[in-house]
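Just below sit the structures, each encoded as structure tokens.
Two complexes, one shared chain (subunit A), two partners (subunit B, subunit C).
After this line comes the complex of A and B, so read on.
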């Protein structure tokens, strides 16, 4: 213990998390200096202050809020539809081997093609309006939710069902008292993946075909060569994506608070 | 056998329905081209339009980006996993940047690197890098402390410690990361071709099909995407299993 104390550096140590800011702050400093001295033309790397003011301007005109709201609404709608279907299919395949036999091969084939691949197909099918975005986002959420729900239900130890049988539970009681609660953790993993995939799909579909939303802000910045706007939009995309994942994690914790350790 | 037959029911039924709908004129054949038209397009593409060249271009791009990304990813992951200082210093920034949906980088990358081959490879490499870094770091950190003590007792040098102990014990985790990296890289290849439509590739083929309203071409492209993705996944699993043969249990 004393040795450790003696070996401590003479300067006051940074708080645990403080060191995390060292790298981004020095990067930011270097970035500012390079912008100030004109090492790189602003068409390649605008000053951080310009990114900040671009964001500020977007926020001031209300464009940022309205585009974020549009994107969020799309994700919520698509995710709700896709995850509901995914839950249904996952539960159906998990509970019945017959359903699994019939549906799983088709589902696997469907899931093989990345969401990005379905976008042009759906564009020809439904045009580039709002239904396209909802369908693409729903597909992105559907696959991981269905897969994890299916796997989660299959992983419920058979002994639980035996205990249920001992209590003379009927099928419905068995399902909602035993099987579903036991499968909550993997199902939530699936929902979290689903939401992340949904957010990525939103960015993809807005980049390809949209006249509003955060992805469109990026496209617009690209066309105008406004790098500050583009970087601002990227930052917001990152923050919203992070926030969505946090919300999901918090919900997961809350739902599982009854679990012992 | 029975299970396989059951599995065939829905796909075959759907195909039959599709074929019927397109022949009976229930659906506009431009929206739902008949199966033989898709097959015809496939043959025509292979024989005259250089489909295989497009496929080879996509795969070459995919592999180049994947190799660069996973190599750098293993290096970064190893550094982060072994050095607490590096981890504290860089991991939060890495996690922050990772929050930005990967496709959102495409506009910026296309301004920095143009829309040619190098921009695509940079993007694919970045997509492959992320899972490799995360899993390599996890694997390095999970090395057994008992083994590390043994190695110290045997006075391993730092180099020996890394190559004889940390790397082998992190191998399963690295393999998982590389496997994910392969999948991400393939999706990123398609994404890069969608948005930077210069040069040959399967993604470009699909986009061209959409622009010319050729559903047969789009469906063909989707089929190829699925098959290649499936093959990559299968290959990666096989290599993973082979590498992990020595592992008990």
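After this line comes the complex of A and C, so read on.
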């Protein structure tokens, strides 16, 4: 009995889902106090209530929804294209040393140029319309997905492939029965990095060349000194990015149910 | 029709490259296994038992000499040769039943026949209650039993077993020994079983081969001409056991005098055993 008593935590434990809100709520509280006591001038850090009402107004006019939808569509399109290509290239390089020898040096050089560095060149190539945004986002997602898929496939223990060889798996069976399932965790790491990079790229490209979208809302708020709008846009970007990451995590968990079972 | 499963290992030598130098792991191994024979192999750790089984399975074709099954040269893995690895090697993302079913992926059976075979073999190793469990939910011995089921599910003509019962408790081990024996008798398949347990080798084998290490070679071979079912406690088996034990100890004792600088190897002991086939 004493053992049981000692094992109980000395404070009431929060459900794990609740813990996630602790830190944001404390930050929000700190932010409110700071605004109330005037630690930072409101031109730099508007009060949470103002940011809230700015968001409310934006939502009321439909601007928030339309800009979010535009940004989300860009990310989804660019991420889908970039991660699909990244998966293909990662798998091809992972499975074949020859492909690796041919493609990897160029790919590495390509990956070394930061996404932002591609924007001027791409602007010359495709102008500043939608294709530019999709290309930049796709590039941002492509690199981490390809790299992690490649590394993940190379890290699949050869003992698994031997079991496949023993039962005379062909290349396709080996790929989808052994290699891909074994590489699910690193591939998903790549996809989640890719998604984060896609959001970063989106905001960057909307800052530079767009008249709509959440990134644009951000620049616009800053240019007009509507810092509450700017902060609101930042918060929405963060929340949408977080939601997308959770969706990816849920998908990964479904594929990896054996770990939890 | 002649019974299938005649295995010939002719003058097989195998080297590995380790840190730039060649390590001779198998030295002119010659072994003939009759169709339907139950051959057991014992030998010190590192003497090349697993390597030999891998060569026969066709997983490694980089060796000198020849291996043939029913006159056909072994150049790649084949479903007619099953191998149960020394470690279970189950896929962690598949359930027990799915792992066993993978063995039948290319077996050309109907879906229903596959399902039946999978369930039968899971029952055979006593894991019906665990068919939907994942490998991380199994004990080491249970995982090894799944691996045995996967190796058997194809009904290979030659089954290679690499210390399959090493991780089991005495009772389960005895039960599975009898199961293996039963399957072997029912299917008339050729079995090669590697074990470090001399009692197991003598109880199960028609013939016990003792391997010596560095380089791996066959040191002695003992026929166990006892009818089955065998009595584990019989004096005849005990006699073979002690001969095998003596031969095995000789191969290990020889190691003590083995100098790393390549001085003349004490082959004489091993050669004596190779010529003096112990018979009971």
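In this text, the second predicted complex is superposed on the first by the 214 of 261 C-alpha atoms of A that agree within 3 Å, B and C clash if a C-alpha of one lies under 4 Å from a C-alpha of the other, contacts with A are read in each partner's own complex, and residues count from 1 in each chain.
In this section, a contact is a pair of C-beta atoms (placed from the backbone, for glycine too) under 8 Å apart; a residue touches a chain by one contact, two chains touch by 3 or more.
Keep in mind it's a predicted model, so treat the numbers as computed, not measured.
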Per-residue touch tally on subunit A - higher for subunit B or for subunit C: B
Touched partner set for A:182, first subunit B, second subunit C, both or neither: second
First (subunit B), second (subunit C), both or neither touched by A:22: first
Partner chain(s) touched by A:238 [first = subunit B, second = subunit C, both, neither]: first
A:154 touches, of subunit B and subunit C: first, second, both or neither? neither
Overlapping contact positions on subunit A, where the subunit C interface meets the subunit B interface: none
Contact set on subunit A toward subunit B in their complex: 17, 19-24, 27, 43-44, 98, 101-106, 109, 112-114, 116-121, 123-125, 199-200, 202-204, 207-208, 215, 218-219, 221-222, 225, 227, 230-231, 233-235, 237-239, 241-242
Subunit A contact footprint on subunit B (complex, rising order): 2-3, 6-11, 14, 31, 85, 88-93, 96-97, 99-108, 110-112, 186-187, 190-191, 194-195, 206-207, 209-210, 213, 215, 218-219, 221-222, 225-227, 229-230
Footprint of subunit C on subunit A - complex, ascending: 159-160, 162-163, 165-170, 173, 177-178, 181-182, 184, 256, 258-259, 261
Subunit C to subunit A touching residues, read off their complex: 57, 59, 77-79, 82-83, 85, 87, 89, 91-95, 102-103, 105-106, 134, 136-137, 154
